[in-house]
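Which chain is which? They are A, B, C and D, in the order written, and residues in each are numbered from 1.
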Amino acid sequence: MCTSGHGSVDIANTGGVAGTSAAPGPKADPKLIDDLVTANHILFGEGVVDAFGHVSVRHDKRPDRFLLARNMAPVQVTAEDIVEFDLDGAPVDANGRAVYLERFIHGEIYRARPDVMAVVHSHSMAVLPFGLVPTFPFRAVTHMGSFIGTCAPVFEIRDVVGDDNDLLITNGKLGKALAECLGDSVVVLMRGHGSTAVGTSLKEAVFRAVYTEQNARVLSEAARLGGPITGLSEAETRTATRVIGGQATRAWDMWRMRAEGKV
Amino acid sequence: MCTSGHGSVDIANTGGVAGTSAAPGPKADPKLIDDLVTANHILFGEGVVDAFGHVSVRHDKRPDRFLLARNMAPVQVTAEDIVEFDLDGAPVDANGRAVYLERFIHGEIYRARPDVMAVVHSHSMAVLPFGLVPTFPFRAVTHMGSFIGTCAPVFEIRDVVGDDNDLLITNGKLGKALAECLGDSVVVLMRGHGSTAVGTSLKEAVFRAVYTEQNARVLSEAARLGGPITGLSEAETRTATRVIGGQATRAWDMWRMRAEGKV
Amino acid sequence: MCTSGHGSVDIANTGGVAGTSAAPGPKADPKLIDDLVTANHILFGEGVVDAFGHVSVRHDKRPDRFLLARNMAPVQVTAEDIVEFDLDGAPVDANGRAVYLERFIHGEIYRARPDVMAVVHSHSMAVLPFGLVPTFPFRAVTHMGSFIGTCAPVFEIRDVVGDDNDLLITNGKLGKALAECLGDSVVVLMRGHGSTAVGTSLKEAVFRAVYTEQNARVLSEAARLGGPITGLSEAETRTATRVIGGQATRAWDMWRMRAEGKV
Amino acid sequence: MCTSGHGSVDIANTGGVAGTSAAPGPKADPKLIDDLVTANHILFGEGVVDAFGHVSVRHDKRPDRFLLARNMAPVQVTAEDIVEFDLDGAPVDANGRAVYLERFIHGEIYRARPDVMAVVHSHSMAVLPFGLVPTFPFRAVTHMGSFIGTCAPVFEIRDVVGDDNDLLITNGKLGKALAECLGDSVVVLMRGHGSTAVGTSLKEAVFRAVYTEQNARVLSEAARLGGPITGLSEAETRTATRVIGGQATRAWDMWRMRAEGKV
């Protein structure tokens, strides 16, 4: 059984059947749930998630709650699959359904960062290599990836629980450590595992997850050209992020069409 | 409100709602507008643009005007979304619709280059790395990319407005600087942002945008083989461009079929 | 005619028409055969096999038998195409149909490894380069690829039959040598040819074949960043494999949907 | 008008309208023409050709003739678009339709190599870089690409017509020089342009064109791992080619299904 709290979680590795351990409250806006379903499909369509990875949104009526699908592949998520959680990762209405092992990523980031309204965790392919090579910092090299900043933090799980670990964020202690590593950044890389991006809205978080991947592809290709790489300056990352952020809806609308097979 | 002129533009970063500030004139050929819609769809289908990037064509009856979609994802553009602009970037018939922040790319290039009839601006992925590494020139290495020449210019926005910028071409001053950097070339790279290609016809500009990307992929792969790379000679770039240019329609026809889901 | 035994196989290079040379026995569970058909389609859909490559499963009632499609492209396999073989590679019910030249890969691994219930052999593209460069070991760098371990074995066919060979595992002697090279590992690379992955179930073997390819893509990209690469530690490979293994069904279900064109 | 002979060809760069300059003869087998149409579609489906590139087959009743589509994108080719040519590149039945500028590639290879029954010319992306870096030989590193041999020839057009050229094989003189460079090989790279592969049957030529591209992708990835690369030995290229060649039909059947949208 899945229980809330730090260090006390012991879930079967099939995802764990979650009992309800948090009290019900006001229901989230159905539109928010619909958007969360769309976010799941977009992230699959744009290659950020495959059968794994997940996206959450903070509850619109209770900031100490968040919404996240039950344990399943994002592309298959429907509104009925969305579960409400408290910040300890305890489900409100799982009704015995298996939940994601790593919901602690979401809860602890929402706790540490009141400005964050949505979180995307993925293993997107182009970002992963940058978590493996400590001497090569991951940074913004395109205006679309400006939110990454001049040096994205890398989370090393060994620093928290030592060498014998499964690389997953399966309890509150690890979630807290990850949130601390994220700090005020938008993206945190997770060595040997993936990355997590946050946004001040669901659309922004999705936008950032997609363009984190694209920035990684560009930086990776630039790395082979053998000369110094001009990244965005500190000022450019700030200024471009402010301007580009307003374009997230345009991308969202197109990605939704693609996810729905309309383009 | 969007106004014409250099340096006076101050548009909200959501794209800006554009008031009509240029006088109406003769209507453009509907066939030209249809082709511009097709160009938008082809550039999406061939991976040159995603939700961002744009393509314009010079007005067939007024060389001091150009046609460009309103602020939206290229794949969604229809004939009703095409707006007429003057060379200062002032829309003629936007009727309050949001327009692209970066329409100044188009206006200023049309002003500087009477031979140019169409302009494509994109963030196409394989080209971007070459804007980041000053020591590695981008040049033609395939006959299909011969129009690139032996060394494509790279636009560094910091040289114009300093370090605190958003990398975008959001006013006439920046547009003029970009057009100056382009000079007599066909393609100009924009550091940390993307690239812009021009043509003497809409089909040619689209053709060049697609093959700029493919030339970049080939050059990028060649760069890892560890030996000197044989690019096209000055003579080869000129001669091949003259011959290959005549093939643009064959590509256009196939790409249109693909964009329409027929192949 | 295809006969059992080591070294005695002499099959035409079109695949060889196989006579029945092993006695019939109890029929395999039709559900297992259906899953094997699905496995063929998934491996094609996920890019692990193209027209070549094959997947087998151990017979559920006779551990000295296994099931494998007749000689054909995996995506075209139906239940009627599944043939039963003994561990020597002799078909039970081929009825004259051509069988895979390399069925000895499967038979000899099932013989050497009682824990193995399924085998995937492929030429998947990202793994191949690691078989060619002896100085660069292939190892797990992502939690999803943890089963690869800290150094995957590489099979060099020249060590068994000398320089004049066709790189294929076309008889029992070569199959035994390959199984020996695999040892207790999950994945064995085959120089200039491909790789083979095993699992304790069909779903696990498919899961591992897909993530071997993805791990290879990540490692290949990391290799160009120019610094030391942090792979999974010995302890991490063991611990992560135990936890991640339980997630194979989630991936299988999504991949099946994709193979069926539903996502 | 298109005329036969070396050096006398002067075709408009739109492809050239071809007058009939060779006498009609016995009609080719309709099945061969159907296969040639399929070959065009397969090569597009497998990414070997885009709007450019072409495939021909030797006439089954007149070895001094070959069949090739008129000037068009391969994916759009139907049986009605197939034109018969003599070895000088003069069309028999073009009836004024534009023909490929580079049909001399085909004619001169058929003349020089009686064993060749089909020719594929393409700009396939992964092969191109190897034509640009003389210090890095292109060679077989996979059994599926064994026919490439231990060092593929590279055609440098400057050696024939000097520096001011368009990189295309637009007359018999250049076709002869290319055929001479090909020699007894299966694949010849063309610097800055593409490559050409031959086969003893149409299916074999298509098979080789596809796996030339895949071998190039593998070799390119191996090149970044920083160590010596084990290619196929001379004996391995010969032996594997003999065995693998028999598998071309299995690939053809699957690729045809994919080209027809059935998988």
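To be clear about the criterion, a contact is a pair of C-beta atoms (placed from the backbone, for glycine too) under 8 Å apart; a residue touches a chain by one contact, two chains touch by 3 or more.
Small disclaimer: the values here were computed from a predicted structure and weren't measured.
Fewest steps needed to get from chain A to chain D, stepping only to touching chains, is 2. Chain B and chain D carry the same sequence, and matching their CA atoms takes a turn of 90 degrees, rounded to a multiple of 5.
Chain C and chain D have centres, each the mean of its CA atoms, that are 34 Å apart. Counting partner chains per residue, chain A shows two or more touched chains at residues 224.
Every pair of chains in contact is given here: A-B, A-C, B-D, C-D. Those residues of chain A lying in contact with chain C across their complex are 12-15, 44, 50-52, 71-73, 75-76, 101, 123, 125-126, 128-130, 132-136, 158, 163-168, 191-193, 220, 223-224. Per the touch definition, chain D reaches chain C in the complex via residues 141-144, 146, 214, 217-219, 221-222, 224-233, 235-236, 239-240, 242-247, 250-251, 253-255, 257, 263.
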